[in-house]
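Same chain, two partners: chain A is paired with chain B first, then with chain C.
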Partner chain A sequence: MNFFSQFGIFSNSMGAVLINPSAMLLLFGSVFMGIMFGATPGLTATLGVALLTTLTYGMTTNLALIALLGVYVGGVYGGSYASILLNIPGTAASAATALDGYPLACKGEAGKALGLTTTSSAIGTIIGMLFVVGLAPAISKIALQFTSFEFFLLAFFGIIISGTLTSPDLVYKGWIAGFLGLFLSVIGRDQLQFYPRFTFGLSDLDGGLDIVPVLIGAFGIPQIIQVIRDSQKPQETKKFTRILPEFKTIIKNIPTIIRSSLIGVGIGAVPGIGEDIAGWVSYGAAKNASRHPERFGTGEVEAVISSETANNACIGGAMIPLLSLGVPGSPPAAMLLGALMLHGIQPGPMLAIDHPTFIIEIAAILLLASFAMWIIGIMLAKQVVNLLRIPTSVLMPIIAVLCVIGSYSLSMRIFNLFLMVIIGVIVFILNEMGYPIAPLIIGVILGPMADQNLRRALMVSEGSFLPVFTRPVALLLFLVICLTVLSQTKIYRRVLRKFMQRISKKKT
Partner chain B sequence: MVSKEKMRQADLVTAVVLLIVGIAIIAHALTMPMEGAYGGVATYWYVSPALFPLIIGGMIIILCIVLAVNAVREKAHSQLLQIIKNYRSNRNISFSEKFKSSASRVLIVIAYISGFVYLYIPRTDFFLNVLLFLVIFIGTFYPDSKRIMSIGAMLASSFALLFIMLIVTGAADFLNNIFPYSMDVFVLIQVAAITIIFHKLIQQHQPERAQKLFTVILVTSFTVPLVLVPLFRYGLRIPLPVEGGIISIFNLVYYLLR
Partner chain C sequence: MRKSILISVLIITLITSFVFGAAEREYPERDITTVVVWGAGGGTDVINRIIMAEMSEILGVNINVINVTGGVAGSVGMNDAFNRPKDGYVLAGMSESNVTSAVMGGFNNRVDVWDWFIVGGSPDVVSVGANSPYNTLDELIDAAKANPGSIRAGASGAGSIHHLNLLAFENGTDTDFNFIPYDGSAPAQNAALTGEVSIIITSIAEQAQLIRGGQLKPLAMLEPEAFTVDGLTIPSSFTNYPELAQYLPLRQSIGFAIAKEAPQYAKDKISEAFKQAMETQAVKDFGKNNFYILAGLYGDEANTLMNNLESSFAWTLHELGSARVNPDSLNIPKP
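And then the complex of A and B:
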């Protein structure tokens, strides 16, 4: 497909949404819902996507994508409201925004801060979208050359890297969480020989664990328990009159926007790493690059722009491995993968062949969602802020009911509700013990890919692991996995320190 | 944030528990066909369904050993033993009020959600279940009073126990044979009783906010199922888990109006 035909499809996709009133209503409604989810402390974009998946099941794929991407984009942006107005991050993605957004609000510039986050989030989403269009098809083409060994190693790499980077405590805990996720994925009849694994004679387990109740359980139930345990009370929000788009300030900070977007896309593209890390890394990079780093933390405009641009650019970044390799880049993208599979779309290298226009359609929806987010952000901020006044003890049981009906509705099995609660309680306990959720979820999602491809690869090579060392991409992935694991050992650090000391001695 | 010391103690506990899980995974995987023929298809070790679970179990075991060794190096085992010894010698060990409060809130939330999902949803009308769950949940936590919270939790567990007794003794089936919606009536009675008790409790403990609190509890508890049930049942055409007395009335009205 050349550029013009791609642009034609892009315009047609946008036009199809723009001239369809119900699609537009859905777009604005889902973005608004996403902003509400993001703005409410305790609720996340991932949970928003998870709960909406049920409602979109009966829709056409296009309408479902509009709704799901709308919630995703709105959810990541919405976190900035609570960060700026309450100094409580609505989502982990906007935690870095609170550092300078709240001091700005204390100075009486809450409207300005929200204007900045709205415009920079929209720009971040659009830049991320451009990377999706530019990179995803190219990576898909390369991935078409992959054999089963590469896919197995890629899934394994996703779990290892996600465990390494998301673990709040020891890195082993992230890896254990990843392997527990892989274990959950092998429950049920295996896809090659149809042998029942870990079903214990229960027919409900024969088909394996449904992804949606597992994800709703993992993200929803622990959140409800934590919020009620901490008994957060609604606080008085900082006042603001109206929100201005702040174009002048944005133009002045173009280098920050470009740098933050690149960081956001780059981090989003790493499997399992979410918008929160993108926000923090971008904040740190902006502080390092600033002429006045001492102003960071006191209400610096550049800081707010950097974190908000990065976390929204991360959406595009997370879509790149999702669409090209079938590996989700972030927890909400993992949920999106589950939703796409429910609609009969299997993201991965074959996506460009099975659905040649799909990536461009996604890009068009992302662009429209970012515009919708900007319009809602500028015009309806006060209505969103009202939501921050709802007590969590009233909101959380409603979310619990939504989790229940969401888990049940897709396959209409009460067993899925039982599963959701068990998974939710286990994940809550693991979370309290310092085990991250993201690798567990990535493990559940990538488990079937890892299992089937490992066995297929060994079937072709008749039990030999030699192709790992003879195929360049497989070897590269293998080395990266080994290096990631080794880099966490004390021996490696000791050797590296000695090596660096020797180099510095030689230089002197 | 949990201190590093306590985190290592927790690591030791989780490492042992997950080590057992890892061993169980391997033990179960070893019962799967490794070589020979399964379902008329020749099986080799490299296509065996046990291969991947064995890798997962093995990795969990290795990582748990590393985690446990790390915890032991940081003296987590001796601290943990000390805690157990202290607990044995002085059973009325005192926990901080904050810990007690947050632990009880966690247990109550888990109990409410579990009761809702495992006990009520499979047996009684979904509309009534949601109503009961919301009245109890919001009524327990929204007034922000320890007394109301503990009474709410006791009330909910008493009704749940009564419901379990009805099921275990077969009384539930007997009553359902006489009148098909008798368990729905039982839930309705629970809703009414709990609402009245909460109303009195709130008036006693939060007299100045009683009107507002009670209105929020009732309005939210009724509005949510009134919106969700028709949306899913008639909008998305999803049959709800159990369609008892109330949803039958909904059906009657819906098909009359259509």
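And then the complex of A and C:
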């Protein structure tokens, strides 16, 4: 496919949405819902995507994608409202934004801050989208190098890396959570030989654990429990003045925007970590690059722009491994993976062969979503804050009901409600013990891929592990996994430090 | 006195015949629900949506198609449809794969609790990757006989229609392949492209795009007749291996069913509408464009076909050790 035919498909898919009133309504509606979710502490972009997955199940794939990407883009952006106005990050992704956004609001410049985050989020999303179009075809060229061994190693890598990067304290906790997810994924009859595993004779477990109730249980229930326990009270919002961005400030900050976008895309492209880490890293990079690092934390415009651009650019970044390798790059992307599978689309190396125009369509929708986000953001910034005034005692029961409906509506099984509650309670306890949730979910999602492909690979090689070392892509993945695990050990760090010392000695 | 009894009996007879007659005349008087037990967008779903759209016009009521998925071999949706009122207003969209639900322990009844309506299915074909050294079925069979169990054959998981076709193919040609199961036909076909498996057995509908694109080389149909895709004629495997006729064809059978206990007048009306719908241009075009062979079976013919499929699927799974319930205990006859 050459550039012009790609561009043709791109503008065609955009045009198809623009002339379709119901698609436009859906786009704006889902972006709006995403912003609401993002702006409300306790609700995340991931939960928004999870709830919409069930609601969009009956729609065509294209419409469902508009809704899901809309809520994703809106959700990541919406977090900045609460961060700036209340100093409570609406989502983890905008935690870094609060550091300078709230001081700006205290100075009476909340309007300016919101306007800047709106524009920089939109620019970040668009730059991320450009990378999806630019990089995905290159990655899909090596698609036919992927056989069962590579798929197994890829899935295993996804679980290991997400465990490594999301653990708040000990990396082993991330891996334990990942393997727990892997265990949950093997419950039920295996898809290769139909043998029942860990079903204890319960016919409800025969089909395995449905992914949606597990996701809603893991993300929704612990959040409800935590919010009710901590009884977070939104504070009175400060008045603010103008919302429209100052284009001068944007132009002045173009280097920051480009650097933050690249950081966002890069972090998004690494499986298992997402928008929150992108925001922090970009904030750190902006502080390092700034001529006035001491002003960071006191209401620096550059800081707000850096974290908000990066977390939105991360969306496009997260799409790259999702679409080209089938490995989600962030927690909302993991939810998106489940949604795509429900619509019969299997992301991965074969996507370019099975659905050649799909990646371009995604890019077109992302671009539209970022425009919709910008328009809504500019228009609704003042009103959105009102949602934060709803008392927790009213909001959380509504969320709980939505969780129940979301878990039940997909397959209409009461069993899934029990599953959601049990998973929710287990995850809450794990949370309290400092285990991250993301690796567990990625384990559940990538588990079948790891399990089936390992067994199939061994059937193909008649029991030999040799292909891991003879196939180039497999060997590369194997070495990357080894390095990831080794880099967490004390010995590795000690060796690395000595090595660095020796190098610096030689230089001097 | 006697007169009044006579009159009241007459009146009662009149009323009952009027009521029953009216019910018969007026079916269907409200919307019908079709519970498709497989996911939206899949073969069974698409076929049901097309045939239901036509039947809805013929019957003059809406037919709501919903998907209730999950369980083993679609058991969640089968139980859902079966436990709804058996008043003739509930249909279940199913396929040949559902006949294993009983031996898998997902459904407590055999297929004979339903009356079946078979729209059709796509026939299976043996294909190899574009770069494969085998150009004809004979070359493949000779190579398989030279090295038994070494040529890798991909198909969807154990007990699927394509796996059963592979087993029948092995029996009929006296060969032995290394069966590599996949999570569906699409990944199996991808594996043929990457060279992970040498041959694949999936339906012609699933392979059509890859055959047209020159990425797969079709060797032979697992059908008594040859088949043409875009001017390319794929020979029947029966021509050179007549013993295959003992085991084949085992064809997909996609359609829907109504509970046997449903009222006869409803079943008659549905049968009539089904017969007419199968003759419509929309259904014929769908079959032609998507490489389905339309069967249009109902009544005893369809029920016998499903019974036979149930026996061969159930006993094959039993022999593979994958069945949870012994087919004997369900009185499923051996094929």
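FYI, the second predicted complex is superposed on the first by the 500 of 508 C-alpha atoms of A that agree within 3 Å, B and C clash if a C-alpha of one lies under 4 Å from a C-alpha of the other, contacts with A are read in each partner's own complex, and residues count from 1 in each chain.
The rule we apply is simple: a contact is a pair of C-beta atoms (placed from the backbone, for glycine too) under 8 Å apart; a residue touches a chain by one contact, two chains touch by 3 or more.
The model shown is predicted, which means the values in this text are computed figures rather than measured ones.
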Chain B versus chain C as contact partner of A:146, first or second or both or neither: second
First, second, both or neither for A:195, with chain B first and chain C second: both
First, second, both or neither for A:459, with chain B first and chain C second: both
Chain A: partner with more touched residues, chain B or chain C: B
Contacts of A:355 with chain B and chain C, given as first, second, both or neither: neither
A:203 touches, of chain B and chain C: first, second, both or neither? second
Touching partner for A:295 - first (chain B), second (chain C), both, neither: neither
Touching partner for A:346 - first (chain B), second (chain C), both, neither: second
Touching both chain C and chain B, counted on chain A across the two superposed complexes: 57-58, 192-195, 412, 459, 462
Touching residues on chain C, where the partner in the complex is chain A: 39-42, 68-72, 75-76, 80, 104-106, 152, 157-159, 178, 180-183, 186-187, 190-191, 193-197, 317, 320, 322, 324
Interface residues, chain B side, partner chain A - complex: 2, 7, 10-11, 14, 18, 21, 25, 28-29, 32-33, 38-39, 41, 43-49, 51-53, 55-57, 59-60, 63-64, 66-67, 70, 102, 105-106, 109-110, 113-114, 116-118, 121-122, 130, 133-134, 137-138, 141-142, 144, 216, 220, 224-225, 228, 232, 236-239, 241
Residues of chain A defined as touching chain B within the complex: 55, 57-58, 169-170, 172-173, 175-176, 179-180, 182-183, 186, 190, 192-195, 197-198, 221, 224-225, 228-231, 233, 391, 393-394, 396-398, 400-402, 404-405, 408-409, 412, 414, 417-418, 420-421, 424-425, 428, 430, 432-435, 450-451, 454-455, 458-459, 462-463
Contacting residues of chain A [partner chain C, same complex]: 57-58, 61, 144-148, 189, 191-196, 203, 206-207, 210, 342-344, 346, 350, 353-354, 411-413, 448, 452, 456, 459-460, 462
